[in-house]
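Each structure below is given as structure tokens.
You will see two complexes here that share chain A, one where it goes with chain B and one where it goes with chain C.
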Partner chain A sequence: MSTLNMDTDTAKDRLGDLWKRSRRTALFVLEDNAAKLGVAILAAFTFLGIFGPELAPYEPIEHTMRTEDGGIMRMSEPNDAAPLGTTTYGKDVLSQFLEGARPTFIVGFFGGIGTGIIGFLVGLVSGYFGGRVDEALMRLTDLTFSLPFLPMALLVLTFVTPSIALITAVIVAFFWKMPARVIRSEVLTVKERTFVKSARASGAGHFRTMFLHVAPNVLGIGFLYTAYAVAWAIAGQASLAFLGFGDPTTTSWGRMLRQVFASGGMREAWWWVFPPAIGIAAVTTAVFLVGRAFEEVVNPELRGDE
Partner chain B sequence: MSLLEVEDLKITYSTSEVDVHAVNGVSFEIDDGSNYGLVGESGCGKSTVAHSVLGLLDDNGNVEAGSIKFDGRELLDCSEQEWQEIRWEEIAYIPQSAMDSLDPVMSVGAQIRQAMHKHRDVTKAEANERVEEVFDIVGLDPSRTEEYPHQFSGGMRQRVTIAMALVLDPDLIIADEPTTGLDVIVQDKIVHKLLEIQEEIDSSMLLITHDMGVIAETCDDVSVLYGGKVMEQGSTDDVLKNPTNPYTMGLKNSFPDIEEFDSQAVSIPGSLPDLTREPTSCVFSNRCPFATEECEREHPALREVENQQSACYHVDRVEELREEAVDPETWGLDPVDQGGREAGDVILETEGLTKWFEQGQSIVDQLMGREKDYVKAVNGVDLTVRENEIVGVAGESGCGKSTLGEVIAALQTHTDGEIRFRGTPVEELLSGDSKEFRSKVQFIFQDPFDSLNPRQKVRAAVSEPLKIQGVEGDEITERVRQTLADVGLSPVDKYIDSFPHQLSGGERQRVAIARALVLDPELLICDEPASMLDVSLKASILNILREMATERDMGIVYISHDLASLSQITDRLAVMYLGQVIEVGKTREIVTGPRHPYTASLLAASPNVDPAVDRTRVLLPGEPPNPVNLPEGCNFAPRCPKATEECRESEPERAAWVDEGHEAACYFPVDDVQAELLDRYEGATDAAGTTGEELPQEQGSSAP
Partner chain C sequence: MTFRRFLIKRIVIAFLLTLVSVSIIFVTLRALPGTPFSSLVASGGLSGEQVAELEAQYGLNEPIYVQYVKYIQSLLTLNFGYSIAESRPVSAIIYPRLLNTLVLLVPALITTAIVSSIAGLYAGWNRGSAFEQGSIVVTTFFRSTPVFVTGIFLLVIFAYQLGIFPAFGMRSPLDNPQGAIETYFAVDFAKHYFLPFVATVLYYSGDFLLLARNSVIERKGSAFLTLHRAKGLTEREQLARAGRNSMLPLVTYFALRMGMLFQGVITLEVVFAWPGIGRTLVQAINQQDYPTVQAAVFIMALAVIVMNLLADVMYAKIDPTVEEGDL
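Moving on to the complex of A and B:
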């Protein structure tokens, strides 16, 4: 395709422009107090995701906490040695929490971005070309819409050993439909605008028109849905882990909940339940708080006169 | 005592950053039973004034000072309750876009009755009777009151809104651009109706418009607004005939007269004043060719000149200014020699070009194998465009002229017929590498606010076509700068790194033109390039196109419904009606001696800026038939006063009447427009009584 050799000038110009725009957007989003809180939580979560395991005082699975008399410290309330208490097997909850942030982060980050990118591309192509392409792709989304996430994901994971990469892939495979639908409808309106026709009239190929003229005008919505996809991915991964289909070799927040449930101590061991539960709730809420503020940028009509 | 007295009204809109001073001390009075016009371009505050009289300002609009007295009563002190009683009962409103102002899920009769029930204690039967009465007044069939808005055409919907405004016998009717967006023939009928009603029910009217022609034909007194200030005020005859303010002069001279080929319209350079602070100088001083230092001091007060009032420091040399204002050079336009063009080789030729749009069909119909309906947008058009020639395509909305343009530019496929570009069929040019064809044929779209990608800077937008054609870096910059300078965007550095939203409408349209011209095309297709711009900017856009045609040896197809600008710019004219070219020839010949009855009606319907001219209105009956089911024979026959059996049975050839290059598709070409058409139209409407359109009433809008 001859239109593929996109000129570097345009690209550079676009990137600079994009950078400026994202800075403006970031400043606008941060005007919202709820969004500030959300950003703070996400920053903390990212930090934990990257450095959590290094910060963990003990090895979360191998190391067994012992009491002063040498016995295993089972189901212990928070104390000096274990600030967040211990599990039935005498493992340190704090260490598990810190260690568990990483898989949650990885699945959330890559699952979200993967969902966003695939959904964006499908929506863009489907909306731009219309006709048979649109028909085929949209029937495919209908199909994924009609398949319930958990049972299908469980079915897939029964046949293979779950790993983080595989779980991310399963999540992407199930969630791309949401951004795809929204982006497609957005593209349908943008492509009717005169400048798109004007680009075609000046000889621009489909590739160029699609990526240089249509895509930048729906990018905002794309980002918004990518952010939401992060929250869905985290929740999805936690659900899978809770049902026992997480990666068995690593600790994740969902797996912690699974274990506390399996141990039967869910009602008593609040110190074991709360850290992962609050962690998951806080991160997903934070994503939505930031997303809500960002949505006002994308759709100025939401800006109320507060 | 006056019915409405507006005194020193000041209105600001507060936005998150700054306050916009939309109206800065406007005063005027409307007498009982008279028509008052507020004229001005977009952003002059005319609609804001109207909304404040109705108490319908947007939430962020504040009346800072002044008073609005209606029948001696101060309206600004009214509570919301009192407002509701005044609205419609005493002051009624005809909104701008009739297309949107009716509720689509309520029958029109019910919508009108609703207004009555709110204010009067009437039974449904009484209300119905009144609705039928007002339908009759505005010339709609009273039996159609229970139909829904989508079953009426644009012009008829506008009549419904007028009927709605009349229903409670208000003392004052405020009409906000009542005819904008309507075709000239429909506009003429609406204006006729408004005046007729006026005489009948003796109410006053406040008419808001940007069209000097409509004002000249309807209003007794007028205020010319600019930048939220009254620039000139007085009786319409005085103000429009002998303007005393430079702005009025500019505005008046920017309306070209159809039949004056030699006089060139002017355009006012520059852009609207910054209204984020109260004006400290004359609001027009930054665009006024006569501005002196004196004008920078403060906005001049209105003072008596001749028979009217004008806000200008130079009222003592009115005569001199008036004379100079006619000359386009005063306004910074270079005179362009119109006559000196010689058409060259044929660039584009179409033969029997046809474009039908398939209409959607239900799945049941598809299975039953029913024949599909087609909208016959373009139906066998032969058109030739030569080098160095501007060909105009005229017609009302829905006649297929825009589709024709897009089909020629290969932006849409065609159903049948042939398009040849320099002798080669377009299919052949497109089959291999379409780049070359794309570089030779360029398109300028109607809407300058939407035709530039909001995320692209001017530099990127104009250089894009070059990049697609694979031109190298340095050359791109050079050509982009050169083209921007050519279309009058100088200094280039000021514009080249701006985003579209930082530019005004006129500047954007220039960027769009630059984008089209940067490749040195051989054929340029312009679809209403000036119709969304303020009148004072139109002339400069037309000038650029004309200049480019002469300098670059291009062929230009200029599509428009505006006959005045067509007659100014084009060399040859093709008039379209329902997908067919019904008359074609040299512009001058067509404008001075139209042969087809439709062309003649179209030409006669254009309003005249000179209030002294008494024009017979074109009361062409009926609406264009639906392009799905075209009538047998001549398409125009059902509306034509001259039609005979022959016209209804067989369709006239395009060249049914020929005189050298001038062809008309009519068996009985017109000689005397007045006697053969206009007088007969009037006869037709009189005979049919007030129910008017006895001729085929198409259901719904005919536009595809």
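Moving on to the complex of A and C:
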């Protein structure tokens, strides 16, 4: 890693610059009303993902709600004891919703970041080196593009017991291709620019040029796709759970939808359907609202004649 | 590189990709523990010898490479073997389901491509209008929400709470239509068709709308539009010309979407109990019906590969600024 050595001042300078730039971008993005809403939803979701299970009034699976005469409170509409109603099995919907935020959050967060990092690295290396490296990596991306996510993930999950970590891994394994392609095409244009060539000419190694000169210029797109990947991961996990291939030991929003669908509770129990469905829809939409506002900033062609 | 060489290279790559994908599918399925029949022994339905006999009948006792060669051979001839769960040819199961999926998706995709693209052109032309802002937020919602969640919303509201549309399947349980016309051109079918159709249209609307909008915005300042304005064309005539120049990304995107169609709708078909290929796949996986699973996944993978090839070729053919070597 000796090629990465540089004095602390330059490092500070670079970081400060990066910080200033991202702050400016963030302010730009926040001028958009839809993006503001998105950020608010994501903040709420992060809060629920971390503290949700602690806020749950009851144990979501073990605890059975009872009516006053001691019977099981099945499929009850929202009432004082259960503000969001109960399920067919007499469980508290609110508690399940709060508990279910965490696995949804974990898979979304780690799945998104994993996808972003792997995709970024593959795209960077592929675009920077070109030639055979590029050919090999791009054919690999083509291959993962032709293996459809849901069918293959279902196959994999039939012979291993699904766990949150495994589902996250499967999601990363199938989604890294999207950022990889976009980053690669960005790198292709950046590496032809003069400052990259002069860095090479003044003796910077490939490693240094790639990470210090090319990478910062495609970081924005990298972040954008990492954010999108969070939404894809949440949607992917919810789809798997809905089809019955989720982690059987935890309550997630997707699994709640699975249960309300499979038990036929959907016919009347809207109070059981809406919390997880709105949760998933709100979070994925929020990511895209913020992402789109960000895209508007990083894609200069869209500024048009404003 | 000439166009012909480019085309040949692309086709060879597509063929190799297909070969590798089907091999991966084969290996994945064979790595599953047990055979479809081992559960029958456990439940006491069959003796060990009977299972061995059955496995021989389905060729499961042959060496793995023989199975592999036979598998590739049969795929090349589009012969998918016999379904283990339903003991009839897989093609007899898959093709009608495939047709059902196409009947649902192709009209939905075409509708959304046309309607949302036009809306997108209009939104991009009137940058900053309430229509632009509103349409983006609404379609972003439907595009980012997983399609089965949208389906569930529609189902709960319009089928269960309001009772306007039927919730389940493709036709009423007691109907027994004969022939394609009776099956697909009936009021009953239309009622069952409506909700899944709407869910699909909404799900794919966002991408087309944004693509069309961005494309128009990028062209708005171009010289050729200034010329048209100077010529005295009306706003609408100018938009029509800008729109014609925005077609390229839309057309290629349409091809890509067609390829990914099948995989996107597995959950949708499950929600609406639509007897299509996605739902069949999920059922086959649960029943460990290898041949059906293989066939369904193969069709889905093939669709992606073929449509990707088509999109690449179209892109190279239509856009003169794209060098074939870049793709």
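Simple rule for what comes next: the second predicted complex is superposed on the first by the 293 of 306 C-alpha atoms of A that agree within 3 Å, B and C clash if a C-alpha of one lies under 4 Å from a C-alpha of the other, contacts with A are read in each partner's own complex, and residues count from 1 in each chain.
What we mean here is this: a residue touches a chain if its C-beta (ideal position, glycine included) is under 8 Å from a C-beta of that chain, and two chains touch if they have at least 3 such contacts.
None of the values given here were measured: they were computed from a predicted structure.
Once the two complexes are laid over each other on the shared chain, residue contacts for A:Phe47 go to neither chain B nor chain C. Once the two complexes are laid over each other on the shared chain, residue contacts for A:Trp19 go to neither chain B nor chain C. With both structures placed on the common chain, the touch criterion links A:Leu155 to chain C but leaves chain B unconnected. After overlaying the two complexes on the shared chain, residue contacts for A:Phe195 are found with chain B alone; chain C is out of touch. Once the two complexes are overlaid on the shared chain, A:Phe207 sits clear of chain B and of chain C alike. Among chain B and chain C, the chain that touches a larger number of residues in chain A is C.
According to the touch criterion, the shared surface of chain A, contacted by chain B in one complex and chain C in the other, consists of residues 305.
Those residues of chain A that touch chain B in the shared complex are 3, 7, 9-10, 13, 17, 193-195, 197-205, 208, 212-213, 216-217, 305. Contact residues of chain C toward chain A in the complex are 13, 17-18, 20-21, 24-25, 28-29, 31-33, 127, 133, 136-137, 140-141, 143-146, 148-150, 152-153, 155-156, 160-161, 210, 214, 217-218, 220-221, 260, 262-263, 266-267, 270-271, 281-282, 285-286, 288, 293, 296-297, 300-301, 304-305, 308. Residues 34, 139, 142-143, 145-152, 154-156, 158-159, 231, 235, 238-239, 242-244, 257, 261, 266-268, 270, 273-274, 277, 280-281, 284-285, 287-289, 292, 299, 301-302, 304-306 of chain A are the ones that touch chain C when the two sit in their complex. Against chain A, in their complex, chain B makes its touches with residues 59, 409, 411, 434-435, 438-439, 442-443, 445-447, 450-457, 460, 464-465, 467-469, 473, 512, 515-516, 519.
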